[in-house]
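Here chain A shows up in two complexes: once beside chain B, once beside chain C.
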Partner chain A sequence: MTDIATLSEASRRSRPPRSTRSPRGGGRLGGRLGAKVRRNTSAYGFLFGAVACFAFFAWYPMVREIIMSFQQTHLGVTSWAGFANYDRIFHDPTFWLAWRNTLEFTLLALVLGYAVPFFTAILLNELRHARGYLRVLVYLPVMLPPASALLLFAYFYDPTYGLFNRVLHAVGLPTSQWVQSPGTGFVSMAMVSVVIAATWMNMGGATLIYLAALQNIPGELYEAAEIDGAGLWSKIRHITIPQTRLILSMLLMLQVVATMQMFVEAFILTNGGAGVGDNTLSVVNLIYTYAFALSGASNYDSASALGVVLMLVLAVFSGGYLWVTRERG
Partner chain B sequence: MAATPSTTQSTRTLISSSALSRARGKLIYRIVLTLVIVVFTLVFIGPMYFLFSDGLKTTQEAVQVPPTIIPAHPHPATFVHAWDEVGIARLLFNTLYYAFGALAFQLVFDVSAAYALSKLRPVFGNVIFAAMLATLMIPATVLVVPQYITVADLPILHLNLIGSPEAIWLPSVANAFSIFLLKRFFDSIPGEIVDAAAIDGASRGRILRSIVLPISRPILGVVSIFAVVAVWKDFLWPLLVEAGYSPSHETLNVGIWQAAQSVPQNVVIAASAIAALPTLVFFLIFQRNILSGLTAGGLKG
Partner chain C sequence: MSRQLHQRACRRRQIAALTAVGTLGLGITACSGGATAASGGGGGHVTISVDCAPPKSSPIQYKEWNEDVSIFEKQNPDITIDSIFTSPCEVPATFTAMLKAGTEPNVFYTYFTDRNQVLDAGQAADITSYVTTKTVPARSDIVPSAMAAVTAGKTLYGLPTVNYTQGLIINRRLFTQAGLNPNQPPTTWAQVETDARAITKLGHGIYGYGDYSAGNNGGWHFSSEVDAEGGQMVGASNTAAFDSAPGMAVLQALHTLRFTDHAMSPTQQLAWGALQKQMAAGKLGMYIAAPDDIYNVIVPQDGGHINDYGMGPLPSTSGTPAGSLSGGNDYMFAKRDTPAQIRAGIKWLNFEDLTPGQGQFNFARTKADGLPVGFPEPQLFSGATQQANQKLMDASATINTSYYSTFTSAAEKGMGEPTDAQAVYKTLDPVMLAVLTEASANIGQLLKNAAGQVNTILANSG
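For the complex of A and B:
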């Protein structure tokens, strides 16, 4: 503190009078240095709150998790364990099941939750009427508290009393067990049910973003294509999609990263996340189970190891995706 | 790529206006439009309609086959029952308290940080900003377990935040996306405005308060909406830090889910309906701001 005081004293004496001084210190070294130090100090004052929160709640936990994944804690004694935690989780059959389920969810969500919003946006963009109403409709589910929406879907999905089966029964169609379907094939009805609920809740955001992007496509392109005799699908393939490819690409990556972290949907719909025979157990659900739900000692170490694995998988995916889709030339 | 608007038509889309003004085009358009409106209303409002109407039904009517669309004997007592038993008033208050507290913390800390990074540019500012952006690469769920452990025993300070509102407020400040949006906006404020104020003798805090903030209303609106919605929709984190320790501190999502374990289903549905009301009303009032903020944040120029 003394240095700064001395510096500013010195700079104050050597500074030209206030009215001709530039805000960032005068042309002379003393004035500039003093002002620079003061500016830095006050800047750090402004930064302090956010940086402290980042340090405590983002950077430190990140480092802590990596370290914890290489440790083991027994009865309060922590010791280094090398790759033992990773070894343990790789040998847990539930681990592989969780990854398979998560992959299943991500792929289904790509088909339902990625294509549907895009084509919905194209459809909405063509309509000249009721646009405001339809936009509000599409986004309404996004605003619901997730617990409300998912409990509602759980209620609809009930095999005996749920609305869906009652309607199907009333019109004579076969009913389904929806989320409680026992199948463990790669595409299980249970997971499809989860994806339907998740898409309903979330597609509004993506639809509106696509809609805004579609409105930026120059109309002349469509006119020119029509003069050349292009049909509807041809126009979509050759104009609409290429023109929006940046947004499409970015949202694809964001969606894959987000869906691989699915937790709430399966957790509330199946009341715990596992489903019949664990067929809706996701990776994040497994992290939660390792950390908080195992009987006996909570196993933060396994949870940390799994968290690091998840992070690495997503990092490899994002890095690879950005590399493959990078602008060439 | 020339983007001059056509002088004869407003923005042209896949299907031209002239195609629509022909008789056959008009007919197809009207059919499609009606279909879309009907289907969308069914798909998006339908579930919500049942959310509210099934809460009014008695238990027997709620499970009838075929299902009734309008409750034959409305039974509003279920809603009262839900309100009391699930303690919705308390849950709502808690969630609002957490959401607006988080908003306040974010506005104070994140705006100051973005201002410093953008206008004051301290030494190592770039490093700090890069470290903040790096957190965007880390999936949120990966951090949940170590964040929980940290919150239970803060390093250096040795505080246990579990069960207190700060456990939700403080981590929400570490929002790199907000800082990114704010900094980008502040960067676009011409330096001359800030310099002029500085020459006139304004302190940096004064510049922030009186010059930067008033101009920044649009981006502050966007950041505020994101902040409130994030807390409102969060489930896993409040489940870990607020539930089970003191039931009166739970958020709406967690409280309703917990109630679902022990309370009959139609009461749970009624509770969900009541819980959904504030957000729906809020959305319907502020929809224009929310929808434009969404696209502003989502598109990059």
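For the complex of A and C:
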């Protein structure tokens, strides 16, 4: 306390008295500004690096994307196209299908990818033995490159030789076509297969974050609850969830934003395709298709338009979510 | 010939590369960094960058390319070739980005299906006035469908270097084991069914027939099969034409092979590369492809034995294919090229890719280097040039050409590729996949829906 008071006093003393400011202000103010800049040179240096990186690699491409979404290039001549690119994508029959599939993936990924890591973390937190080994096991898939993990799942899912069908067959259960399953119903087997693989790949990171949050909950709360006769579910409901609410809500938002941008999972599992009847086609997959996969008919402009639509949807979601979950009072 | 191996491998790896780019999330820069600051004005020294040179990982092709460059530069001391070693020759995503940035080499490799994209990007130079019978003596003998692929209106934008049609590759060893005559590959869909059933009965995970349904390859094969039936993918009015009797016949035949004959594997969603592996492993009896699949992939990459394979024409209902998808690749010239660079580029292409007896057609050297000679490819020429080239090839042939005689004698008519080919193929992939995975697939409805989607694409692309 004394130290803080001393520092505060020293800081006050170091400020030049107001009365010394020159009437015109320029020279002295410039000198003070210069001194301030000199004092913070390294901070400004770091700031410049970060801002430059964001400007070149995030903000500029974003602005460029918005500009391109209103342009068309034909025979080397780029011209303004108004909303033609947006009109074009809205009239693409696969546009709404891609959104529907993306929504399906997001919801399924929330059910599986959000709940499973949370309960895994609770389980790990409760364990008294081999906790370290199990944490490593849970985190291990995150360390695999996504392409490798998905290729592994592609083999697991193979209808003829895949591990899953062999196991099902061995125990006398019906086998499945997994990602090659037909059907475009709201919960299709193909999409469930993609979600299982995605959850397996990504749950390690979320589990560790949940685990860190759980370990910050004071043990006395649980002890008090136990004395009051609370069971496991009661403790989770009245202590664990409220105590980790901030982390839970932050991860929920991050998870939705990430899953809405699903691409690599379906792309690899379906061998660069989009499933039977496009039942795993996602919005980002459609952006990729517009930009790169159609050769002569490829165009960046429609891809940019769809990218802008996705960005707006995610911005609205994030803003709305932050507003709903803001701290009141 | 071996140069052609590299180019053909590049073309066919397009989809595998597509997957790789998506997977790794990397902008592969190998093909994009080619814009050489070329000297080259008026009559002085000129340097041209040329991509799709075989890299060191293909040592024989690499050696042959460098030999050719050396000979060419000695013959033309005022020209320097700046080789850009790339494999695959084109990665579609990178290619699109390269066009957008205008960083293509002076002379750059494209697939036939890229023409509209290159023109839309405004990156191709008009070379019409530079290509004459003096600069390219074989000009009038280059097959019309290949020239059409590099021409828009009356303007010439490139020179084709490889052209192919497709046929039915058969596994002669499995045919023999199944009691079939490998010298008589099936020509009708009914015969394909009979033979495929017989081969499937061999067991041990062997299937009689295979086809693609992913990576744009399903639509690509479907197009060829429709051509063989006498149909069209895109009609004269620039609308989808595959929702027709030929389209139905092809899909019905495939559905029957899969669900009635059980002569196709339950594992589908296959893209380019998968069937070649199955063929090399002795697990597949037949699939459709161009001849280069054998000498480019099945034998050198997947370990198959060259004498185990042969080819017949594309299957059709009548047994006489009305045509085949014909595709290939070419070189175009960057818009920024100076006249001297265009002239030098044409001189190089004429030397390397369009003259019997030299460059890719130096069969004697290919044979001496230990690569196979005698496959019915590339079908780039007709007339006197073709005869001269065939004579040279026959003189150096190292394979048993009779294994390909029914394919050769069918002389399938090359039908080119449909307008906005990759977009059309992409739309047909899910149709092929549904037919090969859904026992109750409604083929008529699938075709109708796909036709609607293709019409939207064609209308949008103008």
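As a working rule, the second predicted complex is superposed on the first by the 271 of 329 C-alpha atoms of A that agree within 3 Å, B and C clash if a C-alpha of one lies under 4 Å from a C-alpha of the other, contacts with A are read in each partner's own complex, and residues count from 1 in each chain.
Definition applied: contacts are C-beta pairs under 8 Å (C-beta built on N, C-alpha and C of every residue); 3 or more make two chains touch, one makes a residue touch a chain.
Bear in mind that the values here come from a model prediction, so they are computed numbers and not experimental data.
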| item | value |
| --- | --- |
| Chain B versus chain C as contact partner of A:V111, first or second or both or neither | neither |
| Which superposed partner A:I241 touches (first chain B, second chain C, both, neither) | neither |
| Touched partner set for A:Y288, first chain B, second chain C, both or neither | both |
| Which superposed partner A:A147 touches (first chain B, second chain C, both, neither) | both |
| Which superposed partner A:H74 touches (first chain B, second chain C, both, neither) | second |
| First (chain B), second (chain C), both or neither touched by A:L322 | neither |
| Partner, of chain C and chain B, that touches more residues belonging to chain A | B |
| Partner chain in contact with A:R64 - chain B first, chain C second, else both or neither | first |
| Partner chain(s) touched by A:M311 [first = chain B, second = chain C, both, neither] | first |
| First, second, both or neither for A:F263, with chain B first and chain C second | both |
| Chain B and chain C footprints on chain A, overlapping residues | 146-147, 158, 160-161, 263-264, 267-268, 271, 288, 291-292, 300 |
| Parts of chain B lying in touch with chain A, wherever the complex brings them together | 1-3, 5-6, 9, 11-16, 20, 32-33, 36-37, 40-41, 43-45, 47-48, 50-51, 54, 62-67, 105, 108-110, 112-113, 115-117, 120-123, 125, 128, 131-132, 135, 137-151, 154-155, 170-171, 173-174, 176, 179, 195, 198-199, 204, 208, 229, 232-233, 235-236, 240, 252-254, 256-257, 260-261, 265, 268-269, 272-273, 275-276, 279-280, 282-284, 287, 290-291, 294-295, 298-299 |
| Parts of chain A lying in touch with chain B, wherever the complex brings them together | 22-23, 39-40, 42-44, 46-47, 49-51, 53-54, 56-62, 64-65, 68, 122-130, 133-141, 143-149, 151-153, 155-156, 158, 160-161, 163, 166-167, 169-170, 200, 205, 208-209, 211-215, 217-220, 222-223, 226, 232, 235-236, 240, 247, 257, 260-261, 263-264, 267-268, 271, 284, 287-288, 291-292, 300, 303-304, 307-308, 310-311, 314-315, 318 |
| Of chain C, residues touching chain A in the complex | 15, 18-19, 21-25, 92-93, 96, 100, 111, 113-117, 119-123, 205, 213-216, 218, 265-271, 335, 419-423, 426, 429-430, 433-434, 437-438, 441, 449, 452-453, 456-457, 460-462 |
| Sites on chain A touched by chain C in the complex | 73-77, 88, 91-94, 146-147, 150, 158-161, 177, 179-182, 263-264, 267-268, 270-278, 288-289, 291-300 |
